[in-house]
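Next, two complexes with subunit A in common: one pairs it with subunit B, the other with subunit C.
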Partner chain A sequence: MLSQLILFGVSMGCLYALIAIGFVMIWNTAAVVNFAQGEFAMFGMFLAYTAHVMWGVPLWLSLPLAVGGTAGLGYFTERGLIRPILGSDPLSVIMVTIGLQILFSNGARVIWGTQPFHFPNFLGSNVWRIAGLLLSYQSIAIIIIMITIAVLLHILSQKTRFGKKLRAVAQDREIASLMGIKVDQTIAYGFALSAGLAGVAGVLMAPIIFVSADIGLPLLVKSFIAAVIGGFGSYPGALIGGILIGVMDNLIGFYISTDYRDVMTFLILILILLARPEGLFPHHR
Partner chain B sequence: MTFKKLHICLLAAIMVVGVVVTSTQAEEKVWVGLVGIMTGPNAQNGEFTRTGAQLAVDEINTAGGVKLPNGETRNLGLIVVDDQGKPDIGLNAIRKLVADERVLGFMGPDYSGITFPTLFVGEEAGVSQITSSIAKKITHSGFKHIFRGRSNDEMWIKALIDYSVGKLSKKSIGISFTNIELGRSGRDVAKAYLKDKYGIKPVVEVSHTYGDRDLTASAAKIVKANPDLLIDWGTQIEAALLIRALRNLGWQGTFAYNAADDIFTSLAKELSVGVIGPQNWVWSKDDSKTKKFVNAYESKHGKKPSPHSVIYYDAVHLFVQAISQAGPNRKAIMDYLHALEEWDGVEGSYRPSTEGGDMSTATVIIKYNEEILPVVVTEFE
Partner chain C sequence: MYKRITLLLISAVLIALPWLLPPYPMQLMVFVGVFAILTLSLNLIVGYVGMISLGHAGFFLVGAYTSALLTVDFGVSFWLTLPVAAILTAIFGLCVGFPALKLSGHFLAVITIAFGLIMHVLSVNLEWLTNGISGISNIPRPSFFSYVLRTDAEYYYLVLAVLALVVMVFYQLIESGVGRALKAVREDETGAACMGINVNRVKVVSFVVSAAIAGIAGVLYAHYVRYLNPDSFTIDISIRVFIMMIIGGIGSISGSLIGAFAVYTLPEALRFLNEYYYLVFGALVVAMMLFLPGGLVSVSAAFQGKTIVHPRVLLWFSLKGGRKEDRHGRNT
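Coming up: the complex of A and B.
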């Protein structure tokens, strides 16, 4: 059972990691703690639900549309709501993103209602048995997609002009500007990319946890903890942190108590920060 | 007169007319209230209660309204307040409702965790309350104003266990529950009845947090114990998530759930097949009153009514009977209900004069077939 719990935990943790990586990306490029990151995932879920379940658009088109739409939301959020206050008092910026979290969550309730919706499994509900372990096709897909995205992000970051711009802006915006990089545009695209990552997470999660307007905040909490544990600002840290959260959730729930799972997760966060305030991988960006 | 002054006069005139019209309309009606989950993750539940009640209100008004003992006829009005599925919000909502002197009686809440701690409000105001909450202690705590519109969880659990152990011969039973008042109450009753009547101790007992979306750990505990039958007591979202997690982990046992209704099946989909559960009523019951109600509801809303809808539908009609016999007075209505020995609704027979307020004992056990339609496998009265 231990291996089974770890496997399912890794699968769920990959989704937390996706949202956490987006979180970290926005922090690195714009120095903004985006409390609406969980709502981007929720928005991605609803876009996929609307396109595929309500309008009958085929899955192969619905999912990319949902991710693209979420990325677009991220872009316009930065352009319209974040950019005007960038550089001002950090508390003001935080309040704006908290306000965005509330706005998006309530907006979703108004548009789609308050009840949860079922989203069909992309690959059916079959389960694969390997070496005595059970893994649903959906979970396998999540892990494969996560690995793929991690590789692509690495290539983007290291091998592309855009990736270099992102890293340059993250390191020093002023110098990046002096080097001819359009900082505002880079930040906007960074927002779009991070929202898109949250959208991917949302779309992958939709068949697992139901599509609902109130899912953003719990996702934000888990991904925030993942980002902090990993070392706020560290991409590998966010990835490891997310997987750690997913696995811990299952192990604590099984071996200790399902009722105190969240309590224990926060306790572990506190203990890690006490022992290592900079997180597990603070220097890896 | 300048344009500005004319503008102001016009606005004032509109406001006065609006107030007069509104107050005139208000005076023409008798009012009942409804408190339910109108927003939040379980709002579908509240929607079914509201539509059931509204259907009854519309029928009554279409038929001419409520005839009072003095010969006057008034339309019936329904005031709906939202408890969001939260006790603190529910308390304020109920206070707001009973503070409105026009409200002669009210229905709801549905969640036992909201109903029980807020009972004192209706009691202090002397307002009759018909609830759909199933926790037994709601009608066993000495409150005089409360009436329950369906069989309580003790009746449901006994019926479910009698069917599962008595008819299906299941011996290895597990219990899981959402860690809210409803779930804990169900767990307590199930454990006691299994032990007292059948000498069975649950092989596993697992709880999960309300609002939790990853129930892998709970499912793993259950799978490890591998019961033949799992009794799950809680809300529809967690139940649907739990059954999926169980099937993903390879568990093949029978899933028995307290709210196996259309909300549950809309989430669990094909995983609902084979699920059994107790209900107060189901739309597939084969009697004329059920068919008439289901047709009327489906014509209006394009979907089948839930077991909640019928409780609130019947509750409105019961209140109207009380108002028409006793008059538009809170105390008189309550006294009438306490004296009423039997009243027939769509759900079945109600006995408001029952001590404590458990008006109904009607219980069915349903099982979802391959088409995910509820089939009544046995009935209890």
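Coming up: the complex of A and C.
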């Protein structure tokens, strides 16, 4: 039982981590704390639902469409609303993203209504029995996708030109622009990439939880906490922070009490932050 | 002189308000007062000390529930529960404020979010104490000796009196050496420490004071609505208060008052929008921050001919052409 709980926790944690990695990416490149990050995941979920369930688009096409649509939303959000205020007072930037969070979640409510939807389980509900362990396809699929994405992101950031631009902008925007990097454009693509990551998380999450318009804020809180536990700025930190939250949620929910699950999880997180005030993997800019 | 006349006029209008307004707007004004107190308490730590708190609903909850439970279960007088609730919230503030010494920025924001969420979950689940989601009802209105403050107008004066007191304390604090110490900590902690300011003490004390004021707002809220349930204290409230503070104008007393008024009465003005209200509200917040980053109070600066909109924003939306600027708003 314990190992299954941990497995499911890890798979949920991977999804939080995907959102958190996007969150950290936006923070690193644009110095924006994006409160609308959870809404990107929610938007991805709804796009997949609309394409697959409402319009009957086949699954292999509707999922990439949803992720691409979410990335597009991220891109245009940056171009239209975030770019003009980049570099002004951090609190007004936060306020804009809070406004966007309200705008997106209520926009979804207006478009898709307040009813939660059920998304068909495309990851398979079967389980593998290995040495007395029950491993669900779903959790394993999510973990494999997460590992693939992590490897791809690593290659992207270390080997490709775009990744190097992203890192240069994150290190020093002014010098990056002196080196001939189009800073604004790089930030916009960074936004698109991180919104796309949140979209992937949303799509993978859709069969596990109900698709509803007010899922964004809880997801944001979880992934924000994951990012902070990981050191706010470190990608491996965000990954481990997310997994930590997923596993703790599940273990505490099963062994102690579902009612007090959040209380215990948050208390442990507070204790972690008290012991390591700069997160598990301090990131110095 | 000019300032004093404006102040007198505003107080005269505020005092005469119960005669000017019909009953329903009067109720709204009571809530505006309560939320103005809450916004001021948040402004103290965010605007003046520079610590971010996204968990003020937690302190609001502690104040409201303490007073409600003491009056309903033990029949304690409102005038006794008010200070008790303030002190208890201050103790909670101390517990959250101590970690604040070690943490900064986002790390503190997460701790306060977690605090707000924990308080909300506890209020749902500690049924023996808080009665869970069914909430506490029949909370008595406060009374002077045997005279009960039953009408909205009477309660409005109570809230107004407390608000005036909080504003006065605030004003004295900000204008005194303490206020300058707070601002010094906000601008530069190391510099402030070098000038002999005890940074840790400033942070903890301001956090505790802020929590206590939020608790007082909670008490006033509880005895006005007379029914509490955990739904009134979610993270949405923390965010809403944050919006009030920034929309009004951060680090400004009048800003908090204006912000609370604007954000609380806006739903009434936009009632014709029905289910589109929150959509429009979100768009308004975004637009406000793009075009008026200093909040509503910065409008008065605009009348004096100062630029209040970031030049980059104007350029972006082509409201003012002909100048090319780099990303820091400098001319090139």
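Operating definition for what follows: the second predicted complex is superposed on the first by the 280 of 285 C-alpha atoms of A that agree within 3 Å, B and C clash if a C-alpha of one lies under 4 Å from a C-alpha of the other, contacts with A are read in each partner's own complex, and residues count from 1 in each chain.
Everything below uses one rule, namely that contacts are C-beta pairs under 8 Å (C-beta built on N, C-alpha and C of every residue); 3 or more make two chains touch, one makes a residue touch a chain.
Values in this document were obtained by computation on a predicted structure and should not be read as measured data.
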Room on subunit A for both subunit B and subunit C (clash or fit): fit
Touching partner for A:250 - first (subunit B), second (subunit C), both, neither: first
Partner chain(s) touched by A:109 [first = subunit B, second = subunit C, both, neither]: both
Partner chain(s) touched by A:273 [first = subunit B, second = subunit C, both, neither]: second
Cα-centre angle that subunit B and subunit C span when viewed from subunit A, reported as a multiple of 10 degrees: 70
Of subunit C and subunit B, partner touching more subunit A residues: C
Partner chain in contact with A:92 - subunit B first, subunit C second, else both or neither: second
Touching partner for A:262 - first (subunit B), second (subunit C), both, neither: both
Least Cα gap, in Å, left between subunit B and subunit C after the two complexes are fitted on chain A: 5
Contact residues of subunit A, present in both the subunit B and the subunit C interface: 109, 259, 262
Touching residues on subunit A, where the partner in the complex is subunit B: 1, 4-5, 8-9, 12, 109, 113-118, 120, 125, 127, 134, 136, 208-210, 212, 214-215, 218, 249-254, 258-259, 261-262
Subunit C residues touching subunit A - in the complex, by the definition given at the top: 46, 99, 102-103, 106-107, 109-111, 113-114, 117-118, 121-122, 124-125, 235-236, 239, 242-243, 246-247, 250, 275-276, 278-279, 281-286, 288-290, 293, 310, 312-313, 316-317, 327-329
For the subunit A and subunit C complex, residues of the former touching the latter: 33, 81, 83-89, 91-93, 95-96, 98-104, 106-107, 109-110, 173, 177, 183-184, 217, 221, 224-225, 228, 232, 259-260, 262-263, 266-267, 269-270, 273-274, 277-279
Subunit B residues touching subunit A - in the complex, by the definition given at the top: 39-44, 47, 179, 206-209, 211-218, 220-221, 223-224, 237, 240-241, 247-250, 263, 266-271
